[in-house]
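Letters A, B, C, D, E, F, G, H, I and J mark the chains in the order given here, with residues in each chain numbered from 1 onward.
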Amino acid sequence: MSRSIYEGLTQLGGATVQPASPEEAVLERVPNPHPGTGYLVRFAAPEFTSLCPITGQPDFAHLVIDYVPGDWLVESKSLKLYLTSFRDHGAFHEACTVGIAKRLETELKPVWLRIGGYWYPRGGIPIDVFYQTGPVPDGVWVPDQGVAAYRGRG
Amino acid sequence: MSRSIYEGLTQLGGATVQPASPEEAVLERVPNPHPGTGYLVRFAAPEFTSLCPITGQPDFAHLVIDYVPGDWLVESKSLKLYLTSFRDHGAFHEACTVGIAKRLETELKPVWLRIGGYWYPRGGIPIDVFYQTGPVPDGVWVPDQGVAAYRGRG
Amino acid sequence: MSRSIYEGLTQLGGATVQPASPEEAVLERVPNPHPGTGYLVRFAAPEFTSLCPITGQPDFAHLVIDYVPGDWLVESKSLKLYLTSFRDHGAFHEACTVGIAKRLETELKPVWLRIGGYWYPRGGIPIDVFYQTGPVPDGVWVPDQGVAAYRGRG
Amino acid sequence: MSRSIYEGLTQLGGATVQPASPEEAVLERVPNPHPGTGYLVRFAAPEFTSLCPITGQPDFAHLVIDYVPGDWLVESKSLKLYLTSFRDHGAFHEACTVGIAKRLETELKPVWLRIGGYWYPRGGIPIDVFYQTGPVPDGVWVPDQGVAAYRGRG
Amino acid sequence: MSRSIYEGLTQLGGATVQPASPEEAVLERVPNPHPGTGYLVRFAAPEFTSLCPITGQPDFAHLVIDYVPGDWLVESKSLKLYLTSFRDHGAFHEACTVGIAKRLETELKPVWLRIGGYWYPRGGIPIDVFYQTGPVPDGVWVPDQGVAAYRGRG
Amino acid sequence: MSRSIYEGLTQLGGATVQPASPEEAVLERVPNPHPGTGYLVRFAAPEFTSLCPITGQPDFAHLVIDYVPGDWLVESKSLKLYLTSFRDHGAFHEACTVGIAKRLETELKPVWLRIGGYWYPRGGIPIDVFYQTGPVPDGVWVPDQGVAAYRGRG
Amino acid sequence: MSRSIYEGLTQLGGATVQPASPEEAVLERVPNPHPGTGYLVRFAAPEFTSLCPITGQPDFAHLVIDYVPGDWLVESKSLKLYLTSFRDHGAFHEACTVGIAKRLETELKPVWLRIGGYWYPRGGIPIDVFYQTGPVPDGVWVPDQGVAAYRGRG
Amino acid sequence: MSRSIYEGLTQLGGATVQPASPEEAVLERVPNPHPGTGYLVRFAAPEFTSLCPITGQPDFAHLVIDYVPGDWLVESKSLKLYLTSFRDHGAFHEACTVGIAKRLETELKPVWLRIGGYWYPRGGIPIDVFYQTGPVPDGVWVPDQGVAAYRGRG
Amino acid sequence: MSRSIYEGLTQLGGATVQPASPEEAVLERVPNPHPGTGYLVRFAAPEFTSLCPITGQPDFAHLVIDYVPGDWLVESKSLKLYLTSFRDHGAFHEACTVGIAKRLETELKPVWLRIGGYWYPRGGIPIDVFYQTGPVPDGVWVPDQGVAAYRGRG
Amino acid sequence: MSRSIYEGLTQLGGATVQPASPEEAVLERVPNPHPGTGYLVRFAAPEFTSLCPITGQPDFAHLVIDYVPGDWLVESKSLKLYLTSFRDHGAFHEACTVGIAKRLETELKPVWLRIGGYWYPRGGIPIDVFYQTGPVPDGVWVPDQGVAAYRGRG
């Protein structure tokens, strides 16, 4: 795999310009180095934060994104900047988690994709959101995400 | 997703009035922001307490509720108040756990729902209750709840 | 669910009379408050002890019993007394574990039942015994028992 | 140790009458079976709940109480009823935790006592309160309480 | 402890107005309900985020703050808002962690205080910062913070 | 189950005579107390050691053996002595692990059997070997062996 | 160290005769193979059971015994039989735990000894008892017993 | 299994000559001692490192390789040297992980093979790559790899 | 703290030039933002690798470095590059670990410093090396490093 | 540190000749590369086995050895061969563990040394043995060995 597949990229290796909102964020992609091979890529993003659309107070989540690439891989720095762009964005837990997945579907056209959003507790009750684009493709290996259950105290 | 879907709500953002019993509790709902998409929402509620209907002594449980929304999401503050309303309510473990699920089925008409009730030990033997409305819907991702097994001591 | 379903019980709430053997123990039952609903009840019993039939020395086990109730629930105090009645009873690990399950099948006529017996090591090698009455019923949720594997030392 | 030291007790083995408030709860005590021996007794109470004095909403805590007995042991059923009596009582975390310790000091006149209060999160931030009556007495063994740190999600 | 000690507070129970910077944040305090008693209060704040002063990119930390109150307790909602006010503030890990402690020292004049700042990895290497105002006061119980060590992968 | 099923045994309860090699070891068996019932027996053997056939240096493994008995149970003391007989025996990891399973198949004629061999690292890389005689029989419960993954350091 | 130090023993290697009560149990001892060397011996006994002196119901505990030998080691089979002799013996948690330690002190005259008794919960509240004969001797290494804290559920 | 199957090997037992690149590395193989038996071999390699092809900076991964042998086993020392040969090789996470699997497929012609690549975080976000050659063969036992999920801090 | 303290740095924010050996690596430093305050900075470096000076084969370690700064902080990117510079350097475990600490002492003149080197196993036996410059300074808080013990398998 | 300190060694890098008993084993040593510096070296040896001197049956232990070197380091391959030489050696747990330490004291003349022997259970009760040569030297850092407590089952 040569370096040239990264030639058109604007974010990787350049100065980091943080997009101000998810809408402004540009998800860049590179050709899949193993097209036609059914494999899974997992990103764990424990540093996600957005705002509550009602109160404006910050929310936090640990996100895990799994996808089976089609023609494209997401360039990981642009993914990071996209996730960071929610910092000043208001969104409910369910809408935000599923919305990230749908944006990635649109941009990457993956064979399959899923997201687990593990949100920090509010009112003593954490919410998790689990979404996938459909059944796991035949023959592809998709391990559990293995994020620890919330345990309160003790 | 706009804020307007929350316009008819009476509990969120207002003064908290604790309902005195499950019957008095009002479960409010908001339109599903992703209708027709098969995703799972999980609530972990480690602060649940009710009363033993025989002795009147308190019981405690860690509850985990999973559902695939249909047209509606449950509004989380009203869910919290509903769960809190069991504080002075007498119910056996099996009846209480399944009963909460059935109330949610009635109110939310979810595509699918399940509940795990992990009760604190009585007589040295904890009881867990696991209920779901039927088989997991095709293509929906429903991870294990991952609550630790009871281990006694040592 | 009214208290009346417990009216015929002889052990719950009365003086505790420990049965001297499994044969003498009376397993009491109450009507299933949710008949026709496929749900699972789990008991974790980490305080089980019996005797080795060859040497008379005590054996210890951590038992976990899962069942899908039919018309009846087992009354939990009578279950505890039944398990305690093995204290002076000689039985091999395999026979004892499966025998408890079969007694419960006879008494409760559950839709389905299983038992995991996690015995303490003898000769450095612990034995686990896993039995179920047949395949998991369709649409019922039966989580892993999640008892930790034996690890020796280190 | 004979049974007679329990003769004057009014709660153990009798019908359970739940006191309505901490003030009404009676902490009973029995003579220390090993007076003059410096040993530690630890109670873990993971089922504690009280009310927020501002909002009236329930709070939950996992409490661990350690003490070195002087002339008296606390009778454990009366301790349980005392802790349960906070169910309808409003108290801030810091005041409640230290107040329980001070009540026990007054009633038991222990050689030494400490309490760890591990409260469930509010606003995403759990509070722990740690109090002891003074330095650990010379030669007495006081292990760590070992309650897991709060970890949020992920 | 009466509710009146909260009478002068401006943030608790009112509308939440997020301060825009640490300088604008007002740390409110209430009288210590147990003045003269050496006890420890611990806050775990797993939802902390600030900005890198060089790159402007977000940093994340899990903070744990321990203090022995003097005349004052910090009001916990104002503490939360103070911590949240770092969201748009640039600060290096070492300076930020110790700076939070010093601000609390100034405002609360505690008998003793310490902070553990457990920062998420940058360049594959996480930084932790540990600061306390001096030796642990005699006779006060200060358990380990117990935050898990960073383990990389595997 | 009577004691008589053990009458023909030569090792249990007698003096322990350690067989010098796997070939000399006698695996004894007793009638299955629940013939025709599909249940699983698990042995965890964390004290296994053999020799490297190339270097003669010791190898170590944690073995877990699962089987569904047919007409016979293996007598556990003879199993222990059989496993111990590898102490001076040279065998590669893959051959040794599968070979133990095949010996048990021959001797016990089980309905089904599997073995997990979790070998200690050599050259920094541990090898695990997993073998079963075929698909899990219908309706039999075969939990995960749950042995922790190797993690290196950190 | 020769085998002869075991010559006067009556229990090790002979037929096991279970003593019927702690009073009948004989604790045998052998000469310390390293007299004058300050080292610690730890026994973990997770299979302990006794009876409640009030109700006659079984109690269970995980015991850990540490001692620094003087002239004698306890012979471990006799220790096991002594612990097993509590099976039909009524004793409160505090009295039982400290009493075992005092019996060992009398029999072994160790340089130092301690016991941790980790009892299974009753009324939802487990009791631990920690006793040692005095301060840890200078220069002797006495690690934490490391028994996991009780956590209830979740 | 005789030693002779190792006779043609050039790396095992000889002086270790580290290949300078994956291309130069020779993967040696030995005949499968149990041909026709469907069993799984797992290698855990927590000491893997390569270079970033863009920056030249080191990357690290924990790799786990599972395969069902056909006619051949991989000789483990040659596997180690092959993995070590990536030390000065530039490769992206996705390409490198899948590429190792494909090389093994070519050399070993296994019945089935999979690899899990658990990479250390870059930009705070670790990437995992999961690849298998197709569906798990019928009747073969392939346990989860069980590598812990990445958790950030706290 | 202003950005100007970073003005003289040559590595941070510039192109990354990997030093070829520890001798060539330049450890840069910045003024301590809290001079005179006794606080601890901890770096966890799980991605360390060097070479065996006898065989030339790679070694791996998880390093944790703690120091109490004097006038200087180490700039973290230069620390990372210094650690990375051991990639082609031969050093024994004991010498390498202590040598890193001594280099940091020379460059930073810290009030106090320690290092824990947790090396991956060779010959089945991992080596850890623990060094500090002297007793922990009075009043400074130095928590355990908390790296998990090596456990082999099982 | 040059390679020459290894010049007189007879085991490292040569053919491995396993000594037949501890008496025949030769512990080789090399000059301490940091003489006069107080640092700790830890070896974890989870693959230790010896024989019971009464029954001849194998015993297993996880050993952890810590020492502060004086003029000498132990050469690690010779240490491994020494530990392996107990494979056919009969020794009681207490005598064996302390005896290994005393042999190392004699050979290495360390500033300080300790050993933890964590033996696998016999009769359901594991024994641990902890020995050190005296108090921890001033200013040397000696972390806990952190070996998990034995937990039986459940």
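One rule holds for everything that comes next: contacts are C-beta pairs under 8 Å (C-beta built on N, C-alpha and C of every residue); 3 or more make two chains touch, one makes a residue touch a chain.
The structure displayed is predicted, hence computed values, not measured ones.
Enquirer: Going by the touch criterion stated earlier, list every chain that contacts chain G and also contacts chain I.
Expert: Looking at chain I and chain G together, the chains touching each of them are C, J.
Enquirer: Can you tell me the least number of steps between chain B and chain H, where a step is a move to a chain it touches?
Expert: 2
Enquirer: Based on mean C-alpha positions, I'd like to know which chain lies farthest from chain E.
Expert: Farthest by centroid: F.
Enquirer: Return the distance between the CA-based centres of chain H and chain I, expressed in whole Å.
Expert: That gives a centre separation of 30 Å.
Enquirer: Please compute the C-alpha centroid of chain E, do the same for chain H, then give the distance between them in whole Å.
Expert: 46
Enquirer: Where in chain C do residues touch two or more other chains at once?
Expert: 46-47, 55, 60, 62, 120-122, 124, 126, 144-145, 147-148, 150-154
Enquirer: Can you list every touching chain pair?
Expert: A-B, A-D, A-E, A-G, A-H, B-C, B-D, B-G, B-J, C-F, C-G, C-I, C-J, D-E, D-G, D-H, E-F, E-H, E-I, F-H, F-I, F-J, G-J, H-I, I-J
Enquirer: Could you please specify the touching residues of chain F with respect to chain E in the complex?
Expert: 149-152, 154
Enquirer: Name, in rising order, each residue of chain G that touches chain D in their complex.
Expert: So the residues of chain G touching chain D come out as 53-55, 91-92, 94-95, 98, 114, 116, 121-132, 134-135, 144-145, 148-153.
Enquirer: Touching chain J in the complex: which residues of chain C?
Expert: Touch residues, chain C against chain J: 46, 60-62, 118-122, 124, 126, 147-148, 150-154.
Enquirer: Using the touch rule from the top, collect the residues of chain A that touch chain H in their complex.
Expert: My answer: residues 1, 3, 6, 12-13, 32-34, 37-47, 62, 64, 69, 73, 76-77, 79-80, 138-148.
Enquirer: Spell out the residues on chain H that touch chain I in their complex, using ranges where they run on.
Expert: Contacts found on chain H: 16, 18, 46-47, 49, 55-58, 60, 84, 87, 120.
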